[in-house]
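We just call them A, B, C and D in the order they show up, numbering each chain from 1.
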Amino acid sequence: MRDTWILTAQCPSRIGTVDVVTRYLREQGCYITELSSFDDRLSGRFFIRAEFRPQTEQGALSEDFDASAFEENLITRAADFDMDVSLSAPDERMKVVIMVSRSDHCLNDLLYRHRIGQLPMDITAVVSNHPDMAPLAEWHGLPYHHFPITPDTKAEQEAQIWQVVQETGAELVILARYMQVLSSDMCEKLSGRAINIHHSLLPGFKGARPYHQAYDKGVKLVGATAHYINDDLDEGPIITQGVETVDHAHYPEDLIAKGRDIECLTLSRGVRYHLERRVFLHDRRTVVFGN
Amino acid sequence: MRDTWILTAQCPSRIGTVDVVTRYLREQGCYITELSSFDDRLSGRFFIRAEFRPQTEQGALSEDFDASAFEENLITRAADFDMDVSLSAPDERMKVVIMVSRSDHCLNDLLYRHRIGQLPMDITAVVSNHPDMAPLAEWHGLPYHHFPITPDTKAEQEAQIWQVVQETGAELVILARYMQVLSSDMCEKLSGRAINIHHSLLPGFKGARPYHQAYDKGVKLVGATAHYINDDLDEGPIITQGVETVDHAHYPEDLIAKGRDIECLTLSRGVRYHLERRVFLHDRRTVVFGN
Amino acid sequence: MRDTWILTAQCPSRIGTVDVVTRYLREQGCYITELSSFDDRLSGRFFIRAEFRPQTEQGALSEDFDASAFEENLITRAADFDMDVSLSAPDERMKVVIMVSRSDHCLNDLLYRHRIGQLPMDITAVVSNHPDMAPLAEWHGLPYHHFPITPDTKAEQEAQIWQVVQETGAELVILARYMQVLSSDMCEKLSGRAINIHHSLLPGFKGARPYHQAYDKGVKLVGATAHYINDDLDEGPIITQGVETVDHAHYPEDLIAKGRDIECLTLSRGVRYHLERRVFLHDRRTVVFGN
Amino acid sequence: MRDTWILTAQCPSRIGTVDVVTRYLREQGCYITELSSFDDRLSGRFFIRAEFRPQTEQGALSEDFDASAFEENLITRAADFDMDVSLSAPDERMKVVIMVSRSDHCLNDLLYRHRIGQLPMDITAVVSNHPDMAPLAEWHGLPYHHFPITPDTKAEQEAQIWQVVQETGAELVILARYMQVLSSDMCEKLSGRAINIHHSLLPGFKGARPYHQAYDKGVKLVGATAHYINDDLDEGPIITQGVETVDHAHYPEDLIAKGRDIECLTLSRGVRYHLERRVFLHDRRTVVFGN
């Protein structure tokens, strides 16, 4: 669908950060279709994202664009800037593992979007601590791994998951309502490459049963948060959040029902931003060139 | 503007709660234009709100409706239900004191809505711990009381405020960005009749500088909460909440600027619900027949 | 899930409309859990919706509630009011036919909600003018009818559809992105019992390719409308509408992608309102006691 | 408040459009804090907006930045691109005339935002066809011109308005619920520099009494549109739109009341985008780098 390459970079703030990228793109005959940059004056950090098409001198799409040479040369040229550079091809589809427990609304939603080509990813496996979702995964032609977990087998189970991630070459793990708390070790391994959906407007209502907490407090809005996981439970960097109004007539089970839609929309949006290279991790926060 | 009376009532849940109200309205020749009731099955409490017009037998508006007899008789009839009943006349305008510190956006918004008749209230006084808002209040023809406060004079200052509330017969106090924490004693006196606007989505970001807290957490939504005050700071029953999306480019001062609109809209909506008798207090939560 | 009966009624405005319903409910030992009524002063029409539980004198759920006697007696009693009365049982699941063409997002969404029990309906058939959706319907264990259509066979094809509706006893037809214009005859047969999703904020952008129309006009919001069909294309009574912000970077295909979510949410909400008896048809408008 | 210059430019799409701007900024020692560009592939048009600070070689803010030389040299350098360039200083405040009739909510809102410094503009005059708003303008220390209008005096009245615009050097005219239709001649004079607020979601409900039209159609959402005026009534390029949910209980006067908030928010947002040079006019559409 997309016919453009995506270049992203970040580095400490300094004059010339934009120019070192855009001049190079010009010299390489790259036609920029969309460009966003942001210089965070509080933390002194620079972020840039460009969509571009390599062109011949006649303006046609260049057939012999050498991506690795392009990336290498840019890094060399930008050496003084200490720049992290990343390049993504038009037809690139990130490899993804989806993890799920018993609530299947987010899984169903992601599989549908995947099926119609709305999310540029290849799902290498669906992993669960329950067997329930096997038929759904199978109907979509996806491998399903049932790895049961008990307090005693947590380490082994996580090792199984990690093996799937490793062996399938997954670059991203989506926790689509996976209800087990990951170990510190697993969190570290997945740092910056695992997106979780939490069913509250973090940092409000961390931990278990957030809709029940919300009911008890009598809030008039409920929401969901897509965030990268880190070692601090429900405190990872936030990518995007969604919200809906509720009222006194919504019992906890109604909040849960209403929340399903918000969770699906919020998680899939967060995942799309990640796949489209719109998200930059920066300490405990994110820079997102959304759309 | 409004040509209907409003009857509200609440009591423990029991069969017949609706009928005891609606049958009485029928017998008294009252024409119901809008009716809402809710029976909270978790707490076992019943709430009802009716808008009605007293009519003659010919269907004209009854000129000799005796409100106090009406209310008294209903209470007698509903004695078995232990019903709290309240009646409000079409032309009734609640007396209100507004408290403010140095941020005037909510005050400006409330005064405007008051001026064009959108909020059925009479403002008996504007009270502040600063002199800054005097010209604004005066332009609207409203008495302005400047009661400075220091840690040593808090008790005296609150006594001054309370005197204004008492002497002007105010039934509601609006804390339109009043930045002093009220004493327990004052909170108790104003319990159920003072609405505060907090500039976050409570219970997230309680306490001071919520927009700075929100920035530090990197949230993607900020909001505001209109709530009744109680003795537990920023924990009073929530009436309504508002929200807006933000992104990485919003520094704390941008969140503050963006938040002003949400605060104005949320506070004025909460106040309107209260004035229109749409809000029922019930422990730490509210029932709101909004619109 | 739901354990309450739902009673709805409408009639011309007159004093006593509420009382004739609520008094009867009381006399029959019915415990009202939620009640809404509205009296439209511009058109002089009254609408009421009550959720209730038939109870024994001891307050237990009544086991021998005679629904048809209840309904008949109420109609008799309310004869002077010319009242349309409808009663719906707690376990009642409306029979529904879903019609679809080639876009399957709404179908997929409805089938998922049906599968997890969020929509109280029984899908008796999925009907399409294309064969594409057969596997999806079959996976959900639903009969699928492929009725191709050409300009010459429109009458026959609609007869086939109508036969399915009749034979399966469907009370509601959902047009989940069915892209054929129905004949006047078919519209009349389905009047008040067929819900369509139109992919624009009606009455803006009626007719074909609304997202392209929206792009041409450069609007900054796109939306969707769930409405009852009638003989006047895209002019049927509106049940609910949804909306999303867009900007200059959204080409028509992006609007289409973004619109899918809004269409799913809006259609399923409209269908839920209908199934829960929250919608009253009234000329070209609707009264909706939403939540 | 703002300490950055803003550079905007647009031209036909061509390779090198970004580079010609960013390389020049680098060479001139300009530190870019925020950059957005968009290349419209359907119309073949390029748009760019940069916020930057001129710096000395030591990184301090340059004191001797020569804006006109900067602009001139950039135009020369970009001559091959046929680029429209515009430069705006950090302390630049656009001169603005506000026009109003009898509804003062938008005027009140704009004057408040102006007073607290949220909108970087200088209001040179408030013009009205009615005398009603004089006290409000005067309290804010602003000149007020009452120019009555009759069908016979339209030309003269518009000449009076135009004279105010000319003499005060106003670059922008805000029609804050000015209820007279401007002549073709006046529209042409103000083309691209006059923003109107229309109280509907254009292109739905063009013309008079849009809230009454909305009520008749029974829509469930109402909104407002901020747009540049042009010769085709209510068809000018849209800058931004706002929306709110409504229901059957909202009579036309309720829609009008609810609409006030949306109109204020939408108009002030549109004006802010214009003042911050976020809006590019492009035929009948706009490109808006919003935030």
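Note that a contact is a pair of C-beta atoms (placed from the backbone, for glycine too) under 8 Å apart; a residue touches a chain by one contact, two chains touch by 3 or more.
Remember, predicted model here, so these are calculated numbers, not experimental data.
Two copies of one chain, chain B and chain C, touch each other, and the residues they use overlap strongly: the shared fraction of interface numbers exceeds half. Distance from the centre of chain C peaks at D, each centre being the average of the chain's Cα atoms.
Judged by contacting C-beta pairs, the busier of the interfaces A-C and A-B is A-B.
The centroid of the Cα atoms in chain A and the matching centroid in chain B are 42 Å apart.
Between the CA-based centres of chain A and chain C the separation comes to 36 Å, rounded to the whole angstrom.
In chain D, the residues that reach two or more other chains under the touch definition are 34, 38, 41, 247, 249.
Looking at the complex, you find that chain B touches chain C at residues 15-19, 22-23, 25-26, 29-39, 41, 48, 55, 59.
Chain B contributes residues 38, 40-42, 201-205, 216-221, 223, 237-241, 243, 247-249, 251, 284-288, 290 to its touches with chain A in the complex.
Here chain A touches chain C in the complex through residues 34, 104-105, 108, 112, 116, 118, 139, 247, 249-250, 257, 260-261, 265, 291, going by the rule given at the top.
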